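Below you'll find a set of structures to go through.
Each of the two complexes below includes subunit A, the first together with subunit B, the second together with subunit C.
== the complex of A and B ==
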């Protein structure tokens, strides 16, 4: 059961994964996964052991699928032609620790074939981008976890890839750093890059990603924007909180709307609604609010977060067909 | 970063070469090898100093027979080679940094070849440097010995490096297997009678040394027959084995999925 929402892909997606399965001996790490990734930020979400890292390794050409194929910009991901389009920031802290941050990025530039002034120019530009210019001359082994993440990100960006694959990039980064890195991801996405971010911290993706891939036990449970995936989950009514001045008076009126399934009052001013058809509800509610001149202070869907949607998907997947 | 990039595949390979050379040289292996070489040199100097009961200076032939063949060729040469070659890929793998090499657009066989070149240069420098140092302990007589041993050591080093780099591409803990191979197969098997020793690199290196050498390096007549092959065959086998190990390593490295 795979739910597909609308995608943000352009004419031809940068990444095409076709019916990919991957076994490690008797263990099936990925089970018949098909997906496409285009420009923008795509969140790869799933619990530990879901198959996220396996999928990332396939996309970065570290691993080959047992079945199916993975194409990056039209090339098989295993081939070097594909790797020229991919920047990879792997999970974990490991890197060539004995080098300074600047030297590390410069060496990476060299590994991508840049020489002389071009390598230096790219190194400085990337250090500026990831906010490490002032700390770049220190050896990497003296860096904090967050600084290591930044310098690894710099390594991934050095050749200006079309696809940036980041495995838990915000791991160990402080809140201010997260904010800065999220802004950077957004800038890269706005520049037409595809940024694939893997995370098991679901609420990280709520605001960041405009396209989400939910994986669990090697299967792709759903893909698309959070809103569209949530809409497709029509067997789980949308939960909405409405704050207004007189909830007890408003409750029966809201109950009269066709899209509203149930209403409960939580004094002093909150109403909790269960809504069957979100689009219809928002249309009906708009008319209702303007016509009856109700003093509304807040309207918020409470279960459209990545975490809530993922819980529903897991519940749905566990149900017998 | 939007200008036309000036990308060179050769420069990328050169970077792999430099990185490997640097990481291998500034490593624990260099310290261990340095200690071993120091001990070997100390033993050789003590051995070379004229004794009251043996005031005659040592000859080049004695150096070759008593020091270079057993200590250098049989022990140090494989150990220096395995110290660097077996830890090259497996070291990057256990340190989780191999991914940075494999994520680049350099084809895997070229990464392997660049690493091979770096390790070979480093190992060759150390083995030939060590050989030269040991040879000068007996004065000018050692120059003739050096001339005899240098080509053999050069080709044997190529063969060992190709073999141990293959181990490194194959296994995560390649150094253990390489050490077991060096001690069990190269050191023990190479000295037992029969044809089993023909699977060792040292057998062909020794065969080449015994053949057409102006020095009397042939094995002791009292020992079981060594039955060396001719110099020509030894060189051919060492060359073929080096190319074979290198090709096999490139093939394996280009197909293996490293975790």
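== the complex of A and C ==
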């Protein structure tokens, strides 16, 4: 069963995947997956071997589905018309280590059919976008991991694609570089592009992605915003931490709320709540906090992260139906 | 195909086939960066410079000492300006070209296959055919640099230093012969090298296999030719007529290449079949391997 969040894009989605299955011999890499991707940042999350790379290969037209169809901007993904809308930033560093960053980007311009001044103009524009103009003449093998990622991103942007597919773009990048790349992804998303980021590091996606696709064992477990997916998981009570001055005094009062399933005290000032219906809880808690003279310093849901949601989804998927 | 940029100016975007050029140019750029290439290229140029000097010397002798020139041309048939002069030069370039290709093969295409670079190409609007065309173009250009291009320069030199109008007027088919033989070498050797590189991307095994094909097989071919020749048959005739000579692929190309210069050689049909078979099998091996890599990457 696939969980679908309620977030939808108003315009026609850039990517439409309809009932796609993919076999490699006897191995079923993807099993009847349907999804849509629109502008903004979409996170593709799943453990190693979940089928992420296969899905990316289908989306970038490197492979055809065994069943179903993959459409990019209304064209079959493996056609050059579709590929013209897709920029791909692969996981590996590939073979062009000896080229300078500028030359590498310029070569990809050539692969997209741009020559001469147009290729140069586009090259300089994307180097500017990814912040590599001043370091672009150095050979790629002298770059740090973050600089390599920027150049790879640059070559993916050379033809101004509508969909940017990034395979583990933050892998091995230091925190400062990560911050800078995240800002860049955000800028691209704000410019109306669909940015699909594949990652097995779940907490990367918490703040970055506004739409998440959870895949595991070739199946799409859930899609939507993290909040909406978490809300739909109603068989897993939301865990909330409340910090207040007198937890032992507040605990019975919170227990009286209908949406609160259990309360445990964590000295000196924390309470851990299990909440059945998050929306109702937040409404009740709002009234509770304003009505009574209670000193609350913090309220935080502890299992709304991508990692926690993914764990729940995995647990749910493992359950016999 | 065209699109518009932000300033609404029409932007030329060439068809996918044009991508073969940047692929070839990048592959050649990577080869040119290596000192070994320049050493081998210099070796190839030595032979060219020797021929260039010899043609110049003969032209000088022709003007100043015609009898000496006739004597020397009588001795050195290879320098008479006929198609054989240039064909033999291109064949003689074979050794250094083969060594060059053995070392360049991994750089030209092998790294794409061993290090997953294929997806860099195939995620663009090109497919495996465009990719293969680019790589074959690169190999073909390197072969042409050591064979076709120097042969054309020598042909032009021969014409310019002699009776230019008459020579070019009478011998113009040689020009097309050189181009034809060059194209045959580029296509057949290019396909074979690309097929081997696709399956054996690491340099050492590739060099060994390549050496086996272009050193061991010719030696084996000669040994079998002499060992199996009919009693009383001259060694020279055996070298021309024995089917065992077909084991030497470079010789097969030479036999087929003679046709471009209007010379019919014994074993032509057999050599043509071998060359065609190698091309077809290589092309199939390339397609199978690229599809396999496409799924693996």
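By definition in this document, the second predicted complex is superposed on the first by the 319 of 321 C-alpha atoms of A that agree within 3 Å, B and C clash if a C-alpha of one lies under 4 Å from a C-alpha of the other, contacts with A are read in each partner's own complex, and residues count from 1 in each chain.
As a convention for this text, a contact is a pair of C-beta atoms (placed from the backbone, for glycine too) under 8 Å apart; a residue touches a chain by one contact, two chains touch by 3 or more.
These figures come from a predicted structure and were not determined experimentally.
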item: Simultaneous placement of subunit C and subunit B on subunit A, clash or fit; value: clash
item: Contacts of A:18 with subunit B and subunit C, given as first, second, both or neither; value: neither
item: First, second, both or neither for A:64, with subunit B first and subunit C second; value: first
item: Partner chain(s) touched by A:80 [first = subunit B, second = subunit C, both, neither]; value: both
item: Which superposed partner A:131 touches (first subunit B, second subunit C, both, neither); value: neither
item: Subunit B versus subunit C as contact partner of A:115, first or second or both or neither; value: both
item: Which superposed partner A:172 touches (first subunit B, second subunit C, both, neither); value: neither
item: Where subunit A meets both subunit C and subunit B, residue numbers; value: 57, 60-63, 80-81, 83-84, 86, 88, 90, 92, 94-96, 98, 107-108, 110-115, 118, 155
item: Sites on subunit B touched by subunit A in the complex; value: 1-2, 5-9, 11-12, 14-16, 18-19, 23, 26, 95-97, 99-107, 257-258
item: Sites on subunit C touched by subunit A in the complex; value: 1, 11-16, 18-19, 21-23, 25-26, 29-30, 33, 111-112, 115-117, 119-127, 294-295, 297
item: Footprint of subunit C on subunit A - complex, ascending; value: 24, 57, 60-63, 80-81, 83-84, 86, 88, 90, 92, 94-96, 98-99, 103, 107-108, 110-115, 118, 155
item: Touching residues on subunit A, where the partner in the complex is subunit B; value: 57, 60-64, 80-81, 83-84, 86-88, 90, 92, 94-96, 98, 107-108, 110-115, 118, 122, 125-126, 155, 159-160
